[in-house]
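Some notes on the structure that comes next.
Should a chain be cited, it is by its letter among A, B, C and D, assigned in written order, with residues numbered from 1 in that chain.
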C-alpha cells in the first residue's frame, strides 16, 4: 500500500510548558524518541486526539532543533481544551508537515528581517526567528516587535528575555495593551508601536497576529513607506485534509493548506476577501 | 390569476405597504420554477409566475424574510397556509411583517410524475387546467392534468386557506374524503419482514443531502441535532444502515404533531424516497389514538405531543394494534 | 474453578429508570435479593420524559438487544405530568419502529413505583425472556459497534 | 473495433462477472431511477440516459473508513485498515461521467496521492456507452465533451442490434481480450452513422449554447464581486443535493466515530453549501448562504480551471438541474453572470 498522508503517526508529548493563562507549549517526539519529521519554518502539522478532533497547528520550534518539535497552542475550542488537559507522556497523533514555508532559503536570505507579532501570533514566527538566529551569518539585522494584552499573555516570555534579548544581533521590542504593575516596558497596541519605532524601510516584514491587528499594522507599515511585496503573513484557516483535496480552506483559487499558509500581501490582494 | 397577482403585488409595492414580494420565478423549461424575491414592478413583469407548475411551498422562507426591514408580501396556496400557520404557532414568523395573499390551487403538475411516464427531453410543459402539453426533444404529447399530478395533490387535504390577509380567487373547502392514508395502511398490512424490506429498500437510497430537512417548514431549528457535534447523533453521511434509519425516524419524529403533510420532503428528495409515508404514519397514529388533528389548522389547539390526557392509551397498545405479524 | 462456556444467547438490555420511582424500585429489588439477569444495564434518568427517542435508538446502536423504559405510574410523576408525555411519545415511537419492520417487542414501557421491587424484577425477567426469544438485534444494529 | 449482438449482452456480462464484480445501470423500481448495481443473472441494463447518482461513488464513496485507533490510557495505536481493492468493471458510464474521473484524478492523484482513491481507480475498468437520447438538461458539449464518443478504458456504442467496443487504454485492451471469445471484429460504419444522427439532436439541446467565455481566471475578482450572487442564492435551501449528485464535487469531511471499543476515522462527502463547512473554533468566513452558494460555482467555473489549465470542473451531466429542490442551478448561474459580463 502507498504511503498515506491521512494516516497519522503517533507522537508523545514529553513536556508541557505553561506560557500564559491560555497558551501552553507542547514538546512532541516520535515513539522512538526522535523527531517525527523534518519541516521548514512556517509549515504546519495536524494534531489529533482520536475521538476528540483534529486540527492544524503551526510548528513553533525551529527546524534547527534536531531533537523535538514544539507547538504553542491557545485554548479556544474542543480539541485545544483537551490538549490543555493532557499530562506529559500522553500520546497524540501527528501528520504533516503541510503547507509552504517562509522563504527563508530564498527571498529572505541575507535580508534584514522585522518580525511583528500579536498574542499567539508569535507561534508561527518563533520557528523562523530561531531558525534565523541559528543561521545568524546568513541573514541581516533581526528586529522583533511583539505585543500582547498583558505581561502574562506574552508567549515564550522566558525565551525572549533569556535568549533573544541576550543575542547581540537581535533587537526585541515588547509592548502590552494596558499599564500594569511590574511592567516598565512599552504600553500600547502593536500597530502604533510599529509606527513609533519607525523601522528601517529596507527590512522584510513577517507579520502574524489577530486579523484586526494585521489589518492595522499593515496600514501602518504602508504609511511608513513599506510596500506589500515586503510583507509576509501566515493564514491558518479551517483546514481539514492538509493536502488541498477536502476543499474548504481555499481563498479564491488558492488552498491555504497547500499554497499557503504563508502569503505575501501582494498575493493576497489578488484573492477575494474571504478570510 | 398570474396577472391579478402581479397587479396586486405592484399596487402593494407602489403604496409602500410591502417592501418585497415572495413568489415564483420562471426558469429555463417552464417546469424549473425557483422561489424568488421581487422588489420592483419590472422584476415582477419579467419573471413573476403563477401557474399549475408552481409547486414550491413558500411559507418557510418567511422565517428569514419576516425579519427583514419592512413588510413582505407572500403568495400562499391553501396547503402552504397550514405550514405558515404552524410556523406562526411556533413563533417562528413575525406575523406583523408579513402580508399574506391566499391564491387558489387545484393541484400542481409535477415534472417527476410526468417523467415517470417515460417522457424524456422535456423542453416545455404547459397546463391549461385540464390538459398538460409536453414538448420534448423527441416530439410533443399531451396528458390529462390528473395524470401529471403528484400523489400529494391527487390526495389533496384542503383547498381552504387557514390564514391570509387577502384572498384572490375563490375559496375552497377542506377535502374530507381523501385517500392519503391508503399507502400507510398498505404498509401496515405487510408482515414485519416485508415492512423491513420495504423501508430498507427505500432508506438505503438516502444520500443524506438534507434536502428533506431543509425544505421542511416544520424543521426550523436554529441548529439541527444532526449538525450538532455535541449531540452524539452528529452525522453527515450515513456510514451504516443504522444511521440511515435513525436519521429518518428522528426526522419524522421531530415533526410529529407539527407536520402539516405538505409533502415537500417527498417532492424534493433526489432519490425519490417516499418520506411523507413516515410523516403520515405519525399523523395517522395521532388521529387514531388521540383524536383527529390537523397541524396548522387551528392556532389555539395544543399540538398532540405537547399535551396529554390521563386516559391516554399505554404504549403496549402497539403490541396489539401494530402492523400485521 | 471451571468456567462453563455456553453459546446460549444472552440479550443485552438497557433499562432507563426514572430517579424517583423505578430506580428506587430497582434498588428495592436489589435489597430484597430478588433475582433478575445481570445483563440488564440500568441508566438512571431524572424522569421518564427525559428519555427522547434518540436515547432508545442509540442504545440499540451501541449494542442493546432490548430497551425498556420505566417510570412512575401515571398520576404519580414526581414532576406531576412528565410520564404522561412519555406515554404519548413512546407509543408513537414504538408504533413507528413497528412500521419500519423492527420487532416491537424489543421496546417496552413499564410503570414501576418505588415500592414495587417485585414488579421490577418480574418485569425484567419477563422482558429478558421476550428478547431472548427474539434473538440478537439485527435490524437496528450498527455494525461498527459490533465488530471487536 | 469489436462487436457483439445486443442479444448476447447477457453472455458478455456473465463472462465479465465470472472473474470480477460488474456494475451497470439498472432500473430501480422503487425510485424510478437507474442506479449502478452489481450484475447477477437476471439483471438487465437500463435504457435510461443516466443514473441518478453519479459514478464517482466507485472511486470516492460517500463514506469510507480511513484508519482505526485503539486508545488505552495515554497510548494510541494506529491501525491501518486499508486493503487492496478488488478488480471491478463499470459498464455503461456516459461521456460526462467519464470526464468527471479526469477531473477527480487531478485532485486525488495530485501529490500527495490519495491512496484510497488510487487503489480503487487502479482496480476499476471503465466501459463507457455513447448517448443516443440526450435530455433537455444535458450540456456536456459546452465543456467540449462529445457524448457520442465517450472516453473510458473502453468506449462503447449500442447501435441497432449491436454493441460496439473499442479500447482506449492498456486496461481496456486487457478487458477486451478477456472477453474476446464473444467479440467479432467490425468496421465502424454503424457507429459513425449513429454519431451523425445523435449530433443532429445535440444541436437542438436548449442549453447547448451556454457561453463560458466570462469564466476565466482573469475575471476571478470581478465574478466574485458580482451583485448577482445575492438574488441567485436567495432561495437556496443550503442542502447538499447538488453537491451529492454531482460527479465532480469532491469536498469531504474527516470525522471520528467512537465505536465503544475504538475510534474509527472516516471521511464522508461534505458540501460547501452546508453552514458548518468552513466553521472553525474562531469563527466562520462564509457566514451566509450567499458566500456558500458563490463558492460552489466559483470553484467549478473559476478556481478549478485556474489551477487546472482551464478545465472546468463541471461536465454538464444535468443532475443538479434535475435534482435541485428549488431549481437553481449552474446553467442559470452561467447565464445570469454571463449577462452581467
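Some notes on this structure:
Criterion: a contact is a pair of C-beta atoms (placed from the backbone, for glycine too) under 8 Å apart; a residue touches a chain by one contact, two chains touch by 3 or more.
As the structure is a prediction and not an experimental result, all values here were calculated from the model.
Without chain D, contact groups among the other chains are A | B, C.
The chain with its Cα centroid farthest from the Cα centroid of chain C is A.
The most centrally placed chain, judged by C-alpha centroids, is D.
Per-chain CA centroids place chain B at a distance of 30 Å from chain D.
With centres taken as mean Cα positions, chain B sits 51 Å from chain A. Averaging C-alpha coordinates per chain places the centre of chain A 40 Å away from that of chain D.
Each chain gets a centre from the mean of its Cα atoms; for chain C and chain D, those two points are 46 Å apart.
Touching two or more other chains at once are residues 144 of chain C.
Shared interface positions of chain A, i.e. residues touching 2 or more other chains, are given as 78.
Across the assembly, chain B contributes residues 239 that each touch 2 or more other chains.
All chain pairs that count as touching, in label order, are A-D, B-C, B-D, C-D. Here chain A touches chain D in the complex through residues 1-10, 50-55, 76-78, 80, 87, 89-93, 237-238, 240-241, 243-248, 250, 252-253, 270, 272, 274-275, going by the rule given at the top. Residues of chain D touching chain C in their complex: 257, 259-261, 264.
Within the complex, the chain B residues that touch chain D are 27-29, 31-37, 56, 61, 112, 115-116, 120-123, 136-138, 201-202, 205, 207-211, 213-215, 227, 234, 236-239, 264, 267-268, 270-273. Taken together, the chain D residues at the contact with chain A in this complex read 66-67, 69, 71, 74-78, 80, 82, 84, 107-108, 110, 112-116, 118-119, 217, 220-221, 224-225, 250-254, 256, 258, 263, 265, 267, 270, 272, 277-282, 285-286, 291, 295, 298-299, 302-304, 306-307. Interface residues of chain C facing chain B in the complex, by the touch rule stated above, are 53-54, 57-58, 60-61, 74-75, 81, 84-85, 87-105, 108-109, 139-144.
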